[in-house]
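Below you'll find the structures, each written out as structure tokens.
Two complexes follow with subunit A in common, the first pairing it with subunit B and the second with subunit C.
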Partner chain A sequence: MWIKLIGCLLVIISSAWTGFSLAERYNKRPREIRQLIACIASLGSHIYYVSLPLAEALERASQIAEGPVRELFQQTALHIHTTGWLSAGQAFQKALGETSEKLALNKPEQEILLVLAAILGTVDQSEQQKQLELAMNELEKVHKEAIAARDQNVKMYRYLGVCVGLATAILLI
Partner chain B sequence: MGLDILFKIAGVGILISVIHTALKQAGKEDMAQLCTLAGFAIVLLWVVQLLSQLFTTVQSVFKLF
Partner chain C sequence: MISEINWEQTVFAFLAPKLAQILRACSVNLLNQTMELRIRTDRPLELITLSGSQFITVGGKETCSKGTAYHCCRGDLEQTLQLISRNSLYAFEEELKMGFLTITGGHRIGLAGQAILQNGQIKALKNISSLNFRLARAIKNAANLVLPYVIIPGTGQVYNTLIISPPRCGKTTLLRDLTRQLSNGIPELSFPGVQVGLVDERSEIAACRDGIPTADLGPRIDVLDGCPKAEGLLMLIRSMGPDVVVTDELGRQNDVNALHEALHAGVKVIASVHGQNVCDINSRPYICELISHKYFDRYIILNKRPVIGSVSEIISAKTNEVLYSQEIGVKVCG
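The block that comes next holds the complex of A and B.
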């Protein structure tokens, strides 16, 4: 009897937890995209007005973000700094590969970032500024979509997690 | 057979209806339908077993072979 009860509780708790963590991902995504936009804006001003080298500009731009986004920019700066043969795009790709497990970003925004990173450091300042603005506009669109997806999905995943756990427990009893 | 199977069926019914509503609100009507269908199938399995029990009982009571 007790073992049954404990097993049921474990099933319910684990599936509710799964539901909540999936919902949390949807919650985190718009926040991280907003941080990315802020970072890119800051990176733009560091490139255009302060004329810092790319690694340093990335390092400074990362200061206004927190969590995984900050780590992404810092890793990129680190890779550019330490491994001289990598281009900015390759360094960014490498950093994205290292931090993508912690980031809640999906394919579209990752592609926007990779396209932007491939251009960084290969053209002159005003052209880079243009590309940064383009990427910011694209990210703004993705941000709106992410907010719509969040409003739709967060509640659903929470309900689903708990209900599926309860249903499994009933089926197993 | 006791009352517990009835409670089980009732519980599954309630949970399936909640899941159906949650999925429908999130705009996934097809998944909601699929989920309801799955719940219906599970409950149908139980009910069919109960029905077969009922028929064997009737057979043994009236000695129809």
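The block that comes next holds the complex of A and C.
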């Protein structure tokens, strides 16, 4: 009997934990997109007003973010710094590959970032500014969608996790 | 004393990995004689040495045959350009318009490709197909011969001096060493160091990296890097209060006007200009004013004979007296 009870408890906890993790991902995504927008705006300032080389500009822009987004910008800066012949696009792709597991970003925002990175450092300042603004506008749209998805899904996944756990426990007993 | 080039940090670090690997295999003797490195898409890798042009094989050997030389590919140029521009072409817009940029060590890299025009003006270069690394070598004490003619004895001041020289005759080398010695002070000539302001529009004299000079220019130096000469001269005078301002390659109307202002502000000026001799300068627009208004006290004329950087003549501008003539055959720099 005790073994059954402990088993059920474990099933409920693991199911609830899965539900809460999925919910947390929906929670983190808009926060990370917001950080990305702030970093890109900061990158624009460093490029447009100070003409900092890209690696330094990315490093400084990363300072206003935290967690995986900060790591993404720092890793990109590091790749450009250490392997200077890599294009910004290649460096960003490499950094994204290294940090994608920690990031809550989905495909649409990752694609926006890769399109932006492909052109970073290859055009003049005014063109660069246009591309940065375009990326920020696109991310704003994705941010709104991410907030709607969060409001819709966070509670649902939490309840679902707990409920699936309870249902499985009942069936097992 | 010719200072050796730090190839690893100032040249190889800016080359595509394949090109750096080939040049690392070259003999030290060949590298020491190299003045230019030319990289062209689908053309042989070429070094210009004191003895002429040499193609380079994959193994780093010299060859005269185009067939056996390493042919640079588009990727080599793209990667080299990424390294030179630090992945940031936007930071070098003005340099790209002029067709060259300067890297650590003061080496000037010339670029050729397809021009993009906007309203008839060059906006940028695309499809860069040729790169020319013109290697700069600092020569310590290159200015020893001219210093006694530039310094006013016993006053701690210098004459307004114009260096006249054809391209690649050592005027930047001479200016760099003059700057260093004036900033350091010269005990042998009882000359205490003076505050020197340097407007280094092309980053060639001070070879600044992130605004900090990498060339030895002494302790009393303030560098305005990458700034147009005309604005820079007046900015430096207003902001840093130098005793002497130094600048390279005068040529435009604005430069002449700024020089006029600087001289009236009581600051001494040492500058250089492209030309064969004083008569040659006299026939050129704007710059002729420098001669006709006798803005300078000394003209130093350089040439390539017998070697690059030889002083041909030193003339007192006010009296037209020849203070030094090459007949003595003294080598100054190079």
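One rule holds for everything that comes next: the second predicted complex is superposed on the first by the 173 of 173 C-alpha atoms of A that agree within 3 Å, B and C clash if a C-alpha of one lies under 4 Å from a C-alpha of the other, contacts with A are read in each partner's own complex, and residues count from 1 in each chain.
Everything below uses one rule, namely that a residue touches a chain if its C-beta (ideal position, glycine included) is under 8 Å from a C-beta of that chain, and two chains touch if they have at least 3 such contacts.
Every value quoted in this text rests on a predicted model; they were computed, and no experiment measured them.
> A:C163 contacts which: subunit B (first), subunit C (second), both, neither?
First partner only, subunit B.
> Go through the superposed model and pick first if A:G84 touches only subunit B, second if only subunit C, both, or neither.
After superposition on chain A, A:G84 lies in contact with subunit C alone.
> Tell me which of subunit B and subunit C touches more residues of subunit A.
On the superposition, C touches more of the residues of subunit A.
> Taking the superposition as given, does A:T122 touch the first partner, subunit B, the second, subunit C, both, or neither?
In the superposition, A:T122 touches subunit C alone.
> Please indicate which partner A:L52 is in contact with in the superposed arrangement: first for subunit B, second for subunit C, both, or neither.
second
> Would you sort A:Q152 into first (subunit B), second (subunit C), both or neither based on which partner it touches?
first
> Under the stated touch criterion, which partner chain does A:P68 make contact with: subunit B (first), subunit C (second), both, or neither?
neither
> Intersection of subunit A residues contacting subunit B with those contacting subunit C?
none
> With touch defined as at the start, can you tell me which subunit C residues reach subunit A in the complex?
Residues 13, 16-17, 79-80, 82-83, 85-91, 93, 123-124 of subunit C touch subunit A in their complex.
> Quick one: in the complex, what on subunit A touches subunit B?
152-153, 155-156, 159-160, 163-164, 166-167, 170-171, 173
> Going by the contact rule at the top, pick out the subunit A residues touching subunit C in the complex.
Answer in residue numbers: 47, 51-55, 57, 80, 84-88, 91, 120-125, 128.
> Hey, which residues of subunit B end up touching subunit A in the complex?
Result: residues 4, 8, 11-12, 15-16, 18-19, 22-23, 25-28, 39, 42 of subunit B touch subunit A.
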